[in-house]
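Sharing a structure here in structure tokens format.
Naming follows writing order (A, B, C, D, E and F), and every chain is counted from residue 1.
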Amino acid sequence: MVSANLKKKSVFVSGKFCQGPNLAKAENFSFSVKMPGNTNNPLGSNVTAVSVDQIPGLNTLGISAARLDFAPYGEVPPHTHPRATEILVVLEGTLLVGFITSDSNHSLITKVLNQGDVFVFPIGLIHFQVNIGKTNALAFSSLNSKNSGVITIASTVFGSNPPINPEILAKAFMLDVNVVKALQWKF
Amino acid sequence: MVSANLKKKSVFVSGKFCQGPNLAKAENFSFSVKMPGNTNNPLGSNVTAVSVDQIPGLNTLGISAARLDFAPYGEVPPHTHPRATEILVVLEGTLLVGFITSDSNHSLITKVLNQGDVFVFPIGLIHFQVNIGKTNALAFSSLNSKNSGVITIASTVFGSNPPINPEILAKAFMLDVNVVKALQWKF
Amino acid sequence: MVSANLKKKSVFVSGKFCQGPNLAKAENFSFSVKMPGNTNNPLGSNVTAVSVDQIPGLNTLGISAARLDFAPYGEVPPHTHPRATEILVVLEGTLLVGFITSDSNHSLITKVLNQGDVFVFPIGLIHFQVNIGKTNALAFSSLNSKNSGVITIASTVFGSNPPINPEILAKAFMLDVNVVKALQWKF
Amino acid sequence: MVSANLKKKSVFVSGKFCQGPNLAKAENFSFSVKMPGNTNNPLGSNVTAVSVDQIPGLNTLGISAARLDFAPYGEVPPHTHPRATEILVVLEGTLLVGFITSDSNHSLITKVLNQGDVFVFPIGLIHFQVNIGKTNALAFSSLNSKNSGVITIASTVFGSNPPINPEILAKAFMLDVNVVKALQWKF
Amino acid sequence: MVSANLKKKSVFVSGKFCQGPNLAKAENFSFSVKMPGNTNNPLGSNVTAVSVDQIPGLNTLGISAARLDFAPYGEVPPHTHPRATEILVVLEGTLLVGFITSDSNHSLITKVLNQGDVFVFPIGLIHFQVNIGKTNALAFSSLNSKNSGVITIASTVFGSNPPINPEILAKAFMLDVNVVKALQWKF
Amino acid sequence: MVSANLKKKSVFVSGKFCQGPNLAKAENFSFSVKMPGNTNNPLGSNVTAVSVDQIPGLNTLGISAARLDFAPYGEVPPHTHPRATEILVVLEGTLLVGFITSDSNHSLITKVLNQGDVFVFPIGLIHFQVNIGKTNALAFSSLNSKNSGVITIASTVFGSNPPINPEILAKAFMLDVNVVKALQWKF
């Protein structure tokens, strides 16, 4: 069903108001990611999400997508999607991608990807993508949830609102309390 | 888990033998679709699948992908995926895409897509993609199942093995029995 | 829960307004398919659906049913249920039933069924039922979804609204464009 | 997939060995319930199950069925299906059917059903079917699980092996310990 | 999401009105079971539920809990949870726990548990817990559903509202009709 | 079903060999967490898991548990469970618990819990538990998966094997590369 605003003929499914199938229109099933994202930021990357907020027809269908732009040496830092597996295809440039397994070994699985290479990041695992080339890089990802969620590790742990007690993080990360406080101030 | 051949340390999940997570290797999570598919065929199109047979790590993860190549005016003819929704992004050229709703109205939803446009085909609905430009076209699709299935309507209905009794199809398609027999001979 | 109209004490589940369990009444869990369907039509068949629209209590319970009536030589033409497997029992007469597998072999699986015979049509596969006897036939089917969906191949592909461009269908079905246009006019 | 014995080309899905789809045969998807069940027993009823053990093709498809025969005044006593909702159609005779809601009110929902009447028993709830006519009755049920389970209350509670300590049941059922012991001896 | 009353910023998920994640508050994710339940009743036991009605944040999360208090020789009588498996840990005292399998053997599985012992009751099976010590006993259970349901066999079967026809129960339980009537009067 | 070693009568479900229900034994459904875990470590905490490896009967049942021991001021550091929601009850002492929401606000939700207090940590979110009292603390948790997974943020990100390129982490955590290298050496 297609998500909708609250009006006549709408019903309510999975947290979104919906239109009946007889009101389906093409614009409810499409979106453009033609425009590059702005990578002029400290991480040198930009993620343009295509989820149920951009494509109302995705509601209840269990899939979403994203355009990933990278400046040279830009990175999408370690993060997890709590509700989705991600499949990524490189369209331009060269990416180093990796994820860490959830066994006690903390195995790091990495691979250098070029144009046309596809890689899978399993649900819930911490992973990252880094442009290791001198030129811009571009990738397209799909995630098997209409609302996969993103938890960027560093900004979530050190940038929470309010901050976590610095002594808790100092013990967890084996860092000096003052280093933790400085990190929390930055995020 | 990663699908595996039958050897020591393997377990069996969802129809595939699997290695434990401590045996995870990058090649089990990646695949290349760099090479264009061969579109030199009557439909002028080619679909290169990226599913659990190509990426063993996809087992149990619920996602797969495909590269779609189109010669000028080539088409991926009407088909359904019985177990997946598809999200497609156009990388080159201009596609006319469409699906038909499952209500009694049989509404046809179509859209012309250019580079960077994203479109969603809901699970189980009949849909198609046609290159309406004078140049090759290229698209990348993801499907939210490790094994989405493809039922191409024409070749399944008229090309089954053995053939369906022509009189059944003649009545269903309001065609002359001889036309049905000719179709069955072609497929 | 039982679907309901919008009044006090109602809550909203899975696209239907619901009454609390303390308002459950027997009429919300029952329906009659005593009356034969009218088979006086070109296909010589009639399907009487028993889904959440007839039995409000089916909401969220994941099952529905149908009565199938056949005139002599009548047929339920090739169709799919995108969201359900079907189990059918023959109550009167003799049916030829079949489905086509989703592998590239397009294998056709058929069987002649008499009174008391049960047959299963797996989710998403194209299937059909034909009365091959000289008398009326009657069957009862159950489907494991409250809303299984029905996509009748011929009327969906050739009877969409608006019609699919005839050249797309001509190439897909290896038919002359004029034959396609004639079919679209009939449906 | 079709369940199979252990031989070449078989894979293993959901606790059953399976054949590949290219080995699908019609007999794997059908079964006959033509023969009436023997109702010459104290309850005056008989249930002929049609589940994955009778129809190998049901494996992973999530549906099963049963033929219910009743002698005059016979009953299928109070029971639950822990993993399925049941939909029943009466084919001959007159049944009184009922279920008890799971709220603290223990509401009993009953209805008298005649030929062609359909009734739904929601998953996990205690329910029963009784022939209230002077003639045999016949019904056909479908359940949305390949293996719905049946827990007949009386024979499970009083006929367990070994028996439950009679004092536990005496307190639970507000019965004299000797009455409980007598019941356990009967079952 | 957190269940909420009907006001601004609320959305509706799975039968409960919800607040957006930015309105999450700690009290929506916590509850106290510090106080012992009152066991001064014929069964000598008390169950304090912790489900979505007590912890609004449990909505859609698929888990709930309960505190179980037992007077000496008190019991939680035979019951089922139609939608959850239960895992129990004994905190004080000595319990005899058991469940009956769903195969035709009706096998009774029992174990005596002391402080620190954990036991699992599989979904849908009839089970019970009895304090076999001379002191109070205390246990804590978790169930993998936000709303597991409880069907206490004796009070549901003999205490339904209205009562089940006594002759149906007399035949099912092999009891005299007058004994059934007496039981129904007690419950 | 109960997980088993490879012998006669065993079947294979969800990655574990299983015995038929007629072989169910009480020891397959129980485990003891009577013994305190050893908290003599830098974090001052210990988690004793009770999952399918300890209780074979948990296989396919979707629940597991854990005993959490804390020395004074000990902590279970920030971590996620990729496949489960956790419900925790405090049995002794005083814990500060918290989780961070997945919205861009990174809201930190915390609460001080005493004996008898219950708290819920939603699936996939980063959370922690800290003993803020001068005495030992004890808690019991349940998770709605037989195999919830644990990703401890600090040891996973900084202790992977092989290590993540320090420059990637330096940019992600806004730390000096030498601080990252020192952290990776510690973990």
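One rule holds in what follows: a residue touches a chain if its C-beta (ideal position, glycine included) is under 8 Å from a C-beta of that chain, and two chains touch if they have at least 3 such contacts.
In this text the structure is predicted, and so the values were computed from the model without any measurement.
Participant: Computing the C-alpha centre of each chain, which chain sits at the greatest distance from chain D?
Facilitator: Following the centroid criterion, the farthest chain would be A.
Participant: So which chain is farthest from chain F, going by the mean of the CA atoms in each chain?
Facilitator: C
Participant: For E-F, find its twin among B-C, C-D or A-F: the pair where over half of the contact pairs carry the same residue numbers.
Facilitator: Matching pair: C-D.
Participant: For chain D and chain E, what's the span in angstrom between their mean Cα positions?
Facilitator: Spacing between the chain centres: roughly 24 Å.
Participant: Roughly how many whole angstrom separate the Cα centroids of chain B and chain D?
Facilitator: Those two chain centres are 40 Å apart.
Participant: Which chain A residues reach two or more other chains?
Facilitator: If we look for residues of chain A contacting two or more partner chains, we find 12, 102, 105, 107, 123.
Participant: Provide the residue numbers of chain D that touch chain C in the complex, in ascending order.
Facilitator: Within the complex, chain D contacts chain C at residues 20-22, 24-27, 29-35, 50, 55, 57-58, 61-65, 85-87, 89, 91, 99, 101-103, 105, 107, 109-111, 113-123, 140, 142-144.
Participant: Across the complex, what residues on chain D touch chain E?
Facilitator: Checking each residue of chain D against chain E gives 42-43, 75, 77-78, 80, 82-83, 96, 98, 100, 102, 105-108, 123-126, 128, 130, 149-151, 153-165, 168-169, 171-175, 179, 183, 186-187.
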